[in-house]
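What follows is a single structure, and I will ask about it in a moment.
The first chain written gets the first letter, and so on, giving A, B and C; residue counts start at 1 in each chain.
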Amino acid sequence: MTGKAQYFIQGIGMISPQKTFDNQMFLDEITTYDQNVLTAVVPDFKAYINPIQLRRLSRMLRIGLASATICLRDAGIEHPDGIITATGYGFLDETEKFLREMLEMKEKQLTPTHFMQGTYNALAGLEAVMIKCMGYNNTYVSKGFAFENALQDAMLHLEEHSAAHYLVGSYDEAAAVQFIASIRENHFKAEPIVNLNLFNTATKGTIQGEGAAFFDLTGTRSENTWCELRDVAMVYRPETKDALAASLSDFLKTNNTSLEEVDVWLNGITGDAVRDVLLKALEHSDLKSVPQARYKHLCGDYCTATSFALWLGASMLKKQSIPEVVKGPAFETPKEIKTVLSVSHYMNRNYTFMLMQRV
Amino acid sequence: MNQTIEELTQELRQELIKQLNLEDMIPADFDENTPLFGEGLGLDSIDSLELVVLLDRNYGIKLKDPKEGRQVFHSIRTMAEYIQKNRAQV
Amino acid sequence: MSQRVFITGFGIITSIGKNTTENLASLLHRRCGFGELNVLDTIHSRTLPACEIKLFNQELCELAGVPHGKGYTRTSLLGLIALKEAIQSASLSPADVREAGLLSGTTTGGIREFERHFYELMDPQQKGDFAQFADTANPGEHGERMADAVGIKKYIATLSTACSSSANSIMQGAQLIKHGKLDRAICGGTEALSRFTINGFNSLMIVDPNHCRPFDNTRKGLNLGEGAAFLVLESERAVIEKRKTPLAELRGYGNANDAFHQTASSPEGTGAYNAMNLALTMANLAPNQIDYINAHGTATENNDLSEGFGIQTLFGGAVPLFSSTKPYTGHTLAAAGSIEAVYCLLGLQHRTVWPNINFHEQMPELSVSPVRELKQEMDLKNVLSNSFGFGGNTSSILIGLA
């Protein structure tokens, strides 16, 4: 977005395979995994959702709603103007339950709860009911673009009404069904690895992750602001490294920035020797002089993993620190962190850029 | 199968708690006459549908009209009485 | 200065026609798609009739111009057929298509294929043709399939807000054009019947085993349907540059949430009211300037009551002509918004109001009832189309003659 509008992140709720739900901490405790599946480190849900609602909620719905509540409390707002969510595979565990029941019971005597909770907009709908938000409500399911579609949707609304607040969230599960179904595509590594070694492996596939993240996006600054979100962009199936580099260059130029001004870039490589090729080529050429941080060894790979990148970038800008565990090789710490760029991909198809600025 | 109303209400209480995930939120005074919907336990329309399936799966009773459910599912007691009257004979 | 948004073409496939011409003929002759299922394999084929497209996937591949056996799900195929018709209808060149965005709504995606081959897909040791459907348990896959098939790369989004999905696709496409991000967006949705949805809706006890009766006092629920439709939206700048005569203008739209319950609409129809009101406000039109409403009208007890109240509250004593076209096509879930937008466009073009088939008995709670007969030679300028979904999503779009 390059009009006069600006976009700020005023609150965040991040629940991931690391202990990120506490906004006071910043990757102080690292969780390791050795079976290629990373699952969320969750808070006590009772602190965020009342027990009457809690009883029927699936695990991922609890995680999503808790993350939204953390975000709203952090932002200091109770009534956002809209709720926009994003997911790649949705509530696949619930869908699996309904599907298995349907097949086993031969389509007879089925209960509705798993069907209802498997709908992609269930989180956006339940959050709306919970906080009585009758405003704009939408859900994107465009695989590796879903989260960026959602951010852009909010940004367009903020161009029209800068004082508004939009709760933009994402969720994806480390679902067994997705894991098994993707074995044929070599999406995940065949050999079990320790997540922290992800970038030292030279094999096909990555590791499966999950998470839910909510951001309060608004057009005005406040003392709660984490950072400014300058812009997002999506590039679909770039054919060569040069094509990707050209898109990145256009993105930065449109935002009156250049690579020289970027203090840290968040590299969304996944540890997949085949699918990372384009991004690694960019890493070793156009981006080689920019200090690099990586994160998918901490959260795993999933369609909306760039939400983890946004949390990471916003945290770096707000706290002015960079945790050791994300630093890339030969990392040179910048004196001040002013501009953070995220460049990521999902399955070598959905490439995304995000530009964040210190306030 | 000849169950007494008391045995049936006991069985239903357990089934309900299990099927509707009520373990953590049963009020101390929850008994067979506590209203299940509205005041009382506060169940909703989706729970009502779950109970329709429970009636079918466990007792062979098919409730065609969800509105009929409101009276049947008023309390555990009314459910037990309805089941005793209408259950499929094995 | 925000760009005006024009509609320059559309494409459609439903159980009452595999293209625009066939759909129009069926609408005029009151031909409905309701009947027993013989393409989808389900135990409910006779007991829960629906509005099924009587074409097997191989035939759909031929219509869509893609090879069979390459993993195209039925949802993708229906979408592709409608998408290609839309592109042709708007006379878009390959260069125009490359500069367009694609926004598609669905609730099922490839679940029909995934459920069919579930056990095999869950066994990585097994080999066979079914493996072409390995990645169909997600809705975004169909959007990328369609984009790849027609050469769209500039912007791709897939939306899923239950039964308002394609209405929201249209709205977001319009947003992108208004804000100058795109000059052209092809927006709509697609949905194939599946055992998953038939059984899911049946478990909610809102399916009528007989032909549905929207707004009728004796209504018992919805019929499911399948289909797809896409609209080509272009900015004022693009229309002028290409010297096109647009078919209509997308004058307004509204998206609100009922925030009442996950599966039920509020009794007062607050969400419905808000969505329609937002559309009117954006279009800068008063309620009495609306000539027709294509209602969501699923024939569930809850929706028709809620929507009826919403309409009455907004329009007061002057409720315009309204009807639900779901007795024709069934409830096509995510595709309903765009399919019904196409029916609104056909109505505007042919000066016709489509009847609410199967209506006999007035609902005592409402003071209005829908249009029963086909009304032709009407003066229609501005029409509203409503789409409401689970999760409280209420959407309304306002289309006017250009």
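To be clear about the criterion, a contact is a pair of C-beta atoms (placed from the backbone, for glycine too) under 8 Å apart; a residue touches a chain by one contact, two chains touch by 3 or more.
Predicted model only: the values in this text are computed from it and were never measured.
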{"item": "Most remote chain, CA-based centroid, reference being chain C", "value": "B"}
{"item": "By number of C-beta contact pairs, the top two chains", "value": "A-C"}
{"item": "Intercentroid distance (Cα basis), chain C paired with chain A, Å", "value": "30"}
{"item": "Distance between chain centroids, defined by C-alpha means - chain A, chain B (Å)", "value": "42"}
{"item": "Distance between chain centroids, defined by C-alpha means - chain B, chain C (Å)", "value": "39"}
{"item": "Chain B residues counted as touching two or more neighbouring chains", "value": "46, 49, 53"}
{"item": "Shared-contact residues (touching 2 or more other chains) in chain A", "value": "110-112, 116"}
{"item": "Sites on chain C at which at least two other chains make contact", "value": "203-204, 261-263"}
{"item": "Chain B to chain A touching residues, read off their complex", "value": "20-25, 42, 46, 49-50, 53, 56-57"}
{"item": "Residues of chain C that touch chain A when the two form their complex", "value": "42-44, 106-107, 109, 111, 114-115, 118-119, 121-122, 124, 131, 134-135, 137-141, 143-144, 147, 153-162, 168, 172, 175-176, 179, 181, 195-196, 198-200, 202-204, 255-263, 270-271, 274, 389-393"}
{"item": "Chain A residues within the chain B interface of the complex", "value": "51-52, 54-56, 109-113, 116"}
{"item": "Interface residues, chain B side, partner chain C - complex", "value": "44-46, 49, 52-53, 66"}
{"item": "Complex contact set, residues of chain C against chain B", "value": "203-205, 261-264"}
